[in-house]
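Each structure below appears as structure tokens.
Here chain A shows up in two complexes: once beside chain B, once beside chain C.
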Partner chain A sequence: MTFRVKRMYAIFQKDLKDLSKNMYIGSTVFMAVLLAALYGRMDGITLELHFMVINMTFAIVTGFIQCAIIAEEKEKNTLRGLMLSPATISEIMAGKSLVSFITTIVTLIICMWLTGYTPASILPIAIAIILSIFFYIAMGTLLGLLSKSVMEASVIVLPVLFIFGFGSFLVGFIDEYPVLKVIEYFPNVQIIDLAYKVEEGLGFGDIWSHLGVIMAWVVVTALITIVVFKKREMDE
Partner chain B sequence: MLENVIEVKHLAKVFGNQTALEDVNFSVQKGETFGFLGPSGSGKTTTIKILTGQLSPTSGEIKVLDLPFLSLKKSDYRKRIGVLTDNSGLYQRLSIYENLKLYCQLYDVPIKRIDEVLETVNLASEAKKVVSKLSKGMLQRVTLARAFLHEPDLLFLDEPTSALDPVNSKHIHKGLKKLNDKGTTIFLTTHDMSEAEQLCDRVAFLNKGQIRLLDAPKMLRLKYADESIQVQLTNGKEILIPKGPEGADELHNYMSKGQVVSIHSNEPTLGDIFVEITGRELI
Partner chain C sequence: MTFFKVENLEKHDKDSILFPTFNLEMAEKEIVAIYSTLNVRHTILGMITGEIPISSGNIMISGSSLRKDRMTYFREIGICFFEEGLYERLTIKDYLRFFGDLYNFKQTFDQIFQLVQLHTKKNVKIKHLSGSEKRRVQFARLLIQNPKLYILEEADLHVDMETKRVLINMIHHIKEGGKSVLILTGSMESAITLADQVFRLDEDGLRKIETETEEVTGKAEEVAQIEKESEIIPIGFNKIPTKVNDKIVLFDPPEIDYIESYDGGSKIYIRGDIFPSTLTLNHLEEKLRAYGFFRCHRSYIVNLQKVREVITWTRNSYSLVLDDKKKTSIPLSKSKMVLLKELLGLK
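Take a look at the complex of A and B:
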């Protein structure tokens, strides 16, 4: 089974056109940008606040848009049409994820400009951001596949978005509730720890563990998503 | 010997404790239009879903385009088939043209093919129309156009004209015949008997998950015809006369007196035969 860029690109083009006519995409991006604009007006904005905006963008733009795209395909029975076409699972998923990926990158650039975040070293932060986008895309796809409609998706996605979008706030409660220590391994917390180390001038030797943890989230979520997709491929 | 495009042996499908298909056996030859006839819930859609790799069989053996069931999810197989089922959806915010353009790109078909298929389904002037604004019948025609956009070797159609008016059904039938003439094998399910008679080379009657009868429509009608002919007389009476030599004198008598208006062989419709075989109406 060979991967055909042409087919992936056709799905991407279709999604781009379809979503450009869709209100929820515009409003979701607007929310993230609005939040960034509000925080950007504050004095002495901390690294945590910069990353709260970034994590929020991951959650509401990447996660939610991806989840809604997949859920809508399911609700309207168009995903079945794609599955019955020569497009493979990887082509469908890559095509459908590219829109969320590009939308996230553009939104992040605008948000980071509005909050005035300029990392001490761009490369490690860029790698961490790209890995995080992959994680949120996989998570959004999974939730979209588990939903029957866009309405259901917008409900099912909320707790997950809360945990991964705002979960870093819960770190402050770890001393009181040790069970919350698991949050330290969440990708949204890992990227903040990584960003602090980058600001301290540390190199890849000191941050690889954070990248590794985020990568592990990507791999595990992607594997679960593939299994669920394969199950959904059949109409049992 | 004619090549079989579909071969099904002892196919069974069970959902929980409900049997959808039971010991189903049939084959479809290359270039044939094969009809699966049966009422709602008889197992027609289940059969199409199994043959298109959307459902796995509980038991039995199937081969489509020389491929076993496990290969039916592969891209190479899907390139060669077209499918229209009740769950074929379209992108609501895009136009008819944009919807078909996506599938042209997925199947590697030139974009100009869109005009041809839209002509076939009588939608040539509506290409720019947004799908959300289409009527149910128009939606059905667009999904049908999408199913045969790439001139597949094998076309699966689940109730292809169920939402269409007679004019558009006729248009679709013409298009399907043209496609069939070009070599596409068609497997269709329907409960419209006239559609089956017009399009199908052979039909199978499916009832409660079992094939009850399988033959050419004409053969079935002859086989189940009674042994009489129906004669309409000038006095308004309609009489039945035995087909054999024993009726010859009686018919000759009426004809010689100029009393015959019309003569019809007394063949049943496919619907009549279905009721006779299964005791159920085709609804």
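Take a look at the complex of A and C:
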């Protein structure tokens, strides 16, 4: 067990070092921070704007970094060496996810500080954010498995960015196009609803449904990722 | 003791046979080279890594196969691919530390850095290294893993002299450590220089190529013979015939760079081009002696006029480097080295 943790930690360290020197992928972190800094200077910033920055961070930091670091291993032909080493695929993925996770948390803290967002109650928001990160990591992994290069990864991540990053704008169109009602169940919209309830001072009893929906997204995406991975493995 | 076994391995590609059933056994401290085409080499490597399914036969290391015990299998087999990615943004030290952690490597890296001659570049990012240096980083990674069987794919293709020297020393070091090396290459020169035993693998199966040099006795006679024969060679016809697509092309001996034995006949190298000839090396040797040609190895004849350098890798391994654009190197066997020194009047 300790060897497993050690190997996972080695992959985490390697990817973190690699990421810190990778301007192409690392620049998305600056983009999120820049966006936060710009919005932070506006007056009367609404909860929706706070969460737009947070959702954007999820998409361009968590999703993209996870996707790109997996795609890069494939593109640069380094994955083979890793697969022939004692590290198992779960250790490799865990190490990489940890990199995305920590980068996201750090970026989010900076962003929230810049936009001046302090939730009325920290715990429910923290749980919602962590669950959301899990969802975006699973999504990033899925896209990383599908793309062959970092270039492809940055294109494939665009729809995700659009749907989950800006998706909350589409809520305005629901009255016009009832089909869009599904959007209300998207994790990015759920987290905003949840945040409103938290601001109103409601407890866990009222917000568990939102957490449940986000959790469901995590489970479904993770399952799809595992299925895709198994299928890929069979093909090769 | 045999620890690596290839049993009844074969590969058919549609209608053609890539290679028929063959067996290979390796024991500790053995350096074996398999000389083959690119296609065969990729198939073998794919079968070893499990990327190409094995339809019949088996590959076993220390009693475990890929299917039975993946963990032990890959612990004991270390592969240096010809085309392998490195984490370009990391420094060599960080890169090796990463693999050191993965393989639970406890010693310091100093000895390894020394062995691959990278100790002055420890903190250089991999992307700033030359191709040869990158190859040495790969060697270092393999040394960290320290498997029972090192598999090297085209390890000395397109590398500089320093790297080749590092490679030869490294193979020596591996052998002393009681481990073995399997070399997969498409260059006969590399196979002969690096390995103790050389095999050719193609559609006719796995065949051993004799690399041990002929007996050294009668050396003096031979030299005497050279002089005698050079006198009686008729001036008339002295071109070397080769066959190219049913055409017969004749070459003047001074044009030839060197000749390699091939399947009962020979391959004649002229300015980077290869011309097959049906004449055997023995026959050619006789014909060409008068023109300053020298049988430098059981499988090679070289035009001494074109030799630029004689390189000593270790006490038992030498190469001749030619004066051409590619700086081709040709193996020189130990007994022939003595003969060559005499010829050059160095003794």
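Here, the second predicted complex is superposed on the first by the 228 of 236 C-alpha atoms of A that agree within 3 Å, B and C clash if a C-alpha of one lies under 4 Å from a C-alpha of the other, contacts with A are read in each partner's own complex, and residues count from 1 in each chain.
As a convention for this text, a contact is a pair of C-beta atoms (placed from the backbone, for glycine too) under 8 Å apart; a residue touches a chain by one contact, two chains touch by 3 or more.
Keep in mind it's a predicted model, so treat the numbers as computed, not measured.
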item	value
When chain B and chain C are modelled together on chain A, clash or fit	clash
Contacts of A:233 with chain B and chain C, given as first, second, both or neither	first
First, second, both or neither for A:18, with chain B first and chain C second	both
First, second, both or neither for A:179, with chain B first and chain C second	neither
Touched partner set for A:87, first chain B, second chain C, both or neither	both
Which superposed partner A:6 touches (first chain B, second chain C, both, neither)	both
Residues of chain A at both interfaces, chain B in one complex, chain C in the other	6-7, 9-11, 13-14, 17-18, 21-22, 76-78, 80-81, 84-87, 236
Chain C-facing residues of chain A, complex	3, 6-7, 9-11, 13-14, 17-18, 21-22, 76-78, 80-81, 84-87, 236
Chain A residues touching chain B - in the complex, by the definition given at the top	1, 6-7, 9-11, 13-14, 17-18, 21-22, 76-78, 80-82, 84-88, 233-236
Chain C residues within the chain A interface of the complex	49, 51, 71, 74-75, 79, 81, 83-90, 94, 98-99, 101-104, 125, 141, 145
Chain B - residues contacting chain A, complex	49, 52, 54-56, 73-76, 78-79, 81, 83, 85, 87-94, 98, 102-103, 105-108, 146
